[in-house]
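Presented sequentially are two complexes of subunit A, the first with subunit B as partner and the second with subunit C.
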Partner chain A sequence: MKLSGIALRNVFRNGRRSLLSVTAVAVAALSITLLFALLEGIRADIRHNAWNYESGEVRIRNAEFDRYEYLNPVQYVVPDHRALAERLEQLPQVAALSPRINIPAVSFRGERQISARGIGLDFRMEQEYQEDLDLIVAEGRLPATGTSEAILGNRLARELGAGVGDTVTFLTQTRARTSNAFTVDVVGLAAFPVAALDRTAFLLPIEAAGHYMRMRDAASEVLLKSTDGRTEVLKAAVSALLSEEGPEGMNVASWTEVSGGYSYLQMADVVYRIIALFFFLLGSTVIVNTTMMTIHERTREIGTLSAMGMRGGQLVRLFFTEATYLGIAGSLAGVLAGAALAVPLQYTGIDFGAQMEMVDMDLSTVLYPVLNWRSTVLTFFYSLAVAMLASFVPARRAAKLQPVVALRV
Partner chain B sequence: MQYLRIARRKAWRIGLLVALAALVAPSAFALSADEIIERMEDNQTHPTSYIEGEMVITDRFGDRVSTFFAHTEGDDRFLVEFTSRDEEGQRVLRRNDDLYLYYPDARETIRLTGSALRDSLLGSDISYEDMTGGRGLAEDYKFELLGEETVDDRRCYKIELTARGTNVAYPKQIYWVDSEDFVLRKSEQYARAGRKLKVTEVLETMEQDGYIFPARIRITDQTRRSSGTEMILHQVDIGVDLPRGVFSLEQLTW
Partner chain C sequence: MITVTDVHKEYIDGETHVRALRGVSLEIDEAEFLSIAGPSGSGKTTLLNIIGCIDTADSGSVEIDGAPVNGSSKRSLVEIRRAKIGFVFQNFNLIPVLTAYENVAMALALMGTPESEIRERTMKLLREVGLSGMEDRRPAKLSGGQQQRVAVARALVKDPIIVLADEPTANLDSETGESILKLMEDINRKRGTTFVFSTHDQMVMDYAYRLCRLHDGLIESDEVRRSA
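== the complex of A and B ==
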């Protein structure tokens, strides 16, 4: 009889113990599959939010603004953003762009000051830049171009006690480093995916923002997205255009350089991989335990097999093959169960709601896990490899048993 | 001999009287801290006035100029309107202890209360709170004459102002009041813990209709780096007829 046949028969000799091993590997594989799907979802979410609300895929800003960012020096601008946008649109690497005017604002409610952040957008260009822009409208509509209309984040509106049809007055600091106040008509309420935006942001037409901030055709920043996801190629093309044709003194940065979310992601990636390793180790202890128990129970049998001429290497292969069968069953079951759980969550999402509300990070309150087939297949092989490796040490111990000693047990 | 003794006694008594008079005289003719502050306030309070001037605001990013005109009445009513391009039409109205801001782009006036009063006027070193004081310092402060010092070659009374309560911007101030014309030449404002918050220096004065008042003032917020504001008055007319309802809220938004 072949070794593989003996190993398969042995797996079923103690069904309950084999089931325990399979379950341990399966639970580890399931957890890792879900964890990686969640990590992939977080990665996609952070990128989506950073590209749409924070840094773009590539961002153009005045270098002096970046230098003194902690002082919010709104006077350092990207001049003549319309002319610049026309030139940028000619670049084949640019899929969409969005000039923006950021407004540091405060609104008074009695003795309370409520901080807010206005974002002046060209809604025509923005529809192209953020294809799902309409999805943020929870009530009412988006502001119309050429008006003093605004759409407020849901929580900001609640703080201000304002709803659709009301007016809100904000005080701000202008490009001339002096103050100005302006009143907007609330035409909509937005459900921003990011809690921090929901708490502070309001969107208004870029022309109105430019007037209130005395920007004189300048923008605070221009965000860009690439046609093919090659961020560095886009950045190089934009940098080349600016150095050839100006304006001077601009800073071109990719989202991987400036996004706080990306830094978090880098850190989280390492942390989650350590967690994954921990899960695998936990699962492997059960395999080690099961194999050791098997060897202990079959010591006499091992002695008989050795006495009949089976060599140490063959014994190792026998136990190794048994562990491989258990590993395949456990890994496959775990990965499939993980996928079965992750796929529906891709559509329903996991609402972290209240927990995320006070988190000052560009992470959505509802996270949608994304099942990455590549990492799922890798999880299967990792689980299998760990299960096989876990059986190697006790199998070698069994192979070293002297037949005479084993038969006396 | 008897006559000589009487003469000596008389001379001694006269000497004693002269010595006493010499000791008493300075305190009889010197002004108290309260009187100095009162004369300073009399000098800087006008029935009505029309003022034109500018503020030169300096910070780490450079200088900028805001021009303005103002109408005042007594020491607790004024309306300042800015005329420079970036602030054109913006107004600050003070009526008694209330401060209102009007901006042409806003459809409502902003009444400043609470912590908002500590905000800066157009990013300058002057806070809105600084604009609300001045109505009878004696109501809010106790005065103590610390002595005399020279400020820019002018002999000044140095007076410490200690707040009577907590409803004032500065718990402690030190004033240097000119001993000749009773113009406030310099002042320092302190926090409760003793930290110096602001320094105000009078760089030039002007005389108009018998009043002498600061024409160029430098205010330095000690809590801000590379910061300073110069207030320069170009024109001051005292005792003018004020436009009707100039301090009304209706007029503010008109």
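== the complex of A and C ==
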């Protein structure tokens, strides 16, 4: 009769209690699996949004702009973006790029002043840069090149009281820091994934944006994506190209350095780990309790086995193995249940719309959890390890019991 | 074979000191069938525990097979118990999740006996104690007498130099108790295994070949009752 076999039978001695322990571990593992799937979804989402609307994977800007960003110094530009784009496209590390002109704009509706942010795009290049660009069109269509058309964020359109077919006049500041007014034809409404963009952004052709801002050939920034996800390699290649051939005075930054989303992710990562730890601790208290109870209940048995010559280490192993079985069952059940819940959510998403309205963060209102197999497998092993660790301390009591004392019970 | 010399044992329970053994000396020879008798609290269990190496004396010495055990480490006491001493308890103390067969086999498994030998010896002993056909029953499915037979088999299977039985019949009706005593006597005669059992029951004392009376932690009398 092997110890492991006895331990297995002991699991079924108090089936209800064992089930309770298994459930506690399972709930912890399930919660953590879902939590990490959500975190993984947030990670993918923030990256998606940051790469498309904030920092790109790598971004070229005028160094002076970066330096005085808080003043929004639109006069600091990336000169001759067309020629630069042609050269950048030659780099093997570049998968796609997107020159952009940002327009700080306001519009008036009666007495009310509505701030907005125009983004001038080369829609042909942008289709390549954002492969799912068409998905943002909620109504109407994307603007056509060479026109004064624009597509407005849903909320912005509502604020402005404008719809498809209307015109909207914006006031902006040109590169020469003079004021200028321009009027766009609204041809579409966009459902931006990020609430903040939905409230403020409108997209228009880069030529028109350049004209309104008197940019001549310049762009505000150029966003780039790498072919292979190696951000730092891309950044180095772009930096090398700029320092060799100019233009001078540019700043190349990777999203990990400048994206607010990225630093949020770093923080979220830590917070989620701490939450996971609490779940594990909670689950482990049940294991500790169960192990303590079984040892207490079987004191006389421990005394008997000890009198028969079972060594302390073997006694500890007996109870430790029993708890390990509970841990395996709980972790497995929890991780599988978590995966079973996460997989459908991966397609349906979770709508945090109402909660996220006012959140000024580059996080989409609908989040799609992503089940990461590696972290799911890790969750299984972590919860198992926690269960084993939790049982080890009380299990050692079995060896400390004196047989005389244990037998007298 | 076992020599107990001037053993003292005192229990301290808060303010009260109980002197459970106050200088007990005893010589146990091979193949004895010895009963330790005495009223409740006289120190029977304490003495058996000390001989069985599950408790230690405060002073005095215990020698098993010529080797002193006092002062031994916890670990080597475990080794002595495993190889040399068999226990039979008042309330049987079988492992409830194990079958009759497994309960007995366990004693050999702990010694690292090979599987085939375990099987042979276990089956033989279960037959000897009259439990053929009940090998696969768990303790809950056995009567008290049958459980105690399993316990006797478990104590004997490893061929210990001594079997210590603390009031082995106290939880059995007199008839069943007597059958257990007969079984132990039989084995003692046949195998020459040394038995030491404690009791305060006259019927049980009558079975003993040698009777030691314990009173207040001292041996009051030590006599041979009947001879083999």
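Criterion: the second predicted complex is superposed on the first by the 409 of 409 C-alpha atoms of A that agree within 3 Å, B and C clash if a C-alpha of one lies under 4 Å from a C-alpha of the other, contacts with A are read in each partner's own complex, and residues count from 1 in each chain.
Please note the rule applied: contacts are C-beta pairs under 8 Å (C-beta built on N, C-alpha and C of every residue); 3 or more make two chains touch, one makes a residue touch a chain.
Everything quoted here is computed from the prediction, not taken from an experiment.
Engineer: When the two structures are superposed on subunit A, do subunit B and subunit C clash or fit side by side?
Structural biologist: Superposition result for subunit B and subunit C: fit.
Engineer: Using the touch definition from the top, say if A:Q113 reaches subunit B (first), subunit C (second), both or neither.
Structural biologist: first
Engineer: Mind computing the angle subunit B to subunit A to subunit C from the CA centres, in steps of 10 degrees?
Structural biologist: Once the structures are overlaid on A, subunit A sees subunit B and subunit C at 140 degrees.
Engineer: Touch test for A:A37: subunit B only (first), subunit C only (second), both, or neither?
Structural biologist: Touch status of A:A37: no partner.
Engineer: After lining up the shared chain so the two structures overlap, which partner does A:T167 touch, if you call subunit B first and subunit C second: first, second, both or neither?
Structural biologist: A:T167 contacts subunit B only, not subunit C.
Engineer: Just checking: does A:Y212 make contact with subunit B only, subunit C only, both, or neither of them? Give me first, second, both or neither.
Structural biologist: After superposing on A, A:Y212 lies in contact with subunit B but is clear of subunit C.
Engineer: In the overlaid three-chain picture, which partner chain does A:P73 touch, first (subunit B) or second (subunit C), both, or neither?
Structural biologist: first
Engineer: Have a look at where A:A176 lands relative to subunit B and subunit C in the superposition and call it first, second, both or neither.
Structural biologist: First partner only, subunit B.
Engineer: Between subunit B (first) and subunit C (second), which does A:A105 come into contact with in this model arrangement: first, second, both, or neither?
Structural biologist: A:A105 contacts neither subunit B nor subunit C.
Engineer: Rounded to the nearest Å, state the minimum C-alpha distance from subunit B to subunit C in the superposed three-chain model.
Structural biologist: 82
Engineer: Applying the document's contact rule, which stretches of subunit A touch subunit B when the two form their complex?
Structural biologist: For this pair, the touching residues of subunit A are 73, 75, 108, 110-113, 167, 169, 171, 173-174, 176-183, 211-212, 214.
Engineer: Taking the touch rule as given, give the residues of subunit B at its contact with subunit A in the complex, in rising order.
Structural biologist: 57, 59, 61, 64, 66, 86-87, 90, 101, 103, 105-108, 110-116, 122-123
Engineer: Subunit A touches which residues of subunit C in the complex?
Structural biologist: Residues 49, 52, 54-55, 74-75, 78-79, 81-83, 87, 89, 93, 95-98, 102, 105-107, 109-111, 154 of subunit C touch subunit A in their complex.
Engineer: How about subunit A: which of its residues touch subunit C in the complex?
Structural biologist: Touching subunit C from subunit A are residues 1, 6, 9-10, 13, 300-301, 303-312, 314, 402-404, 407.
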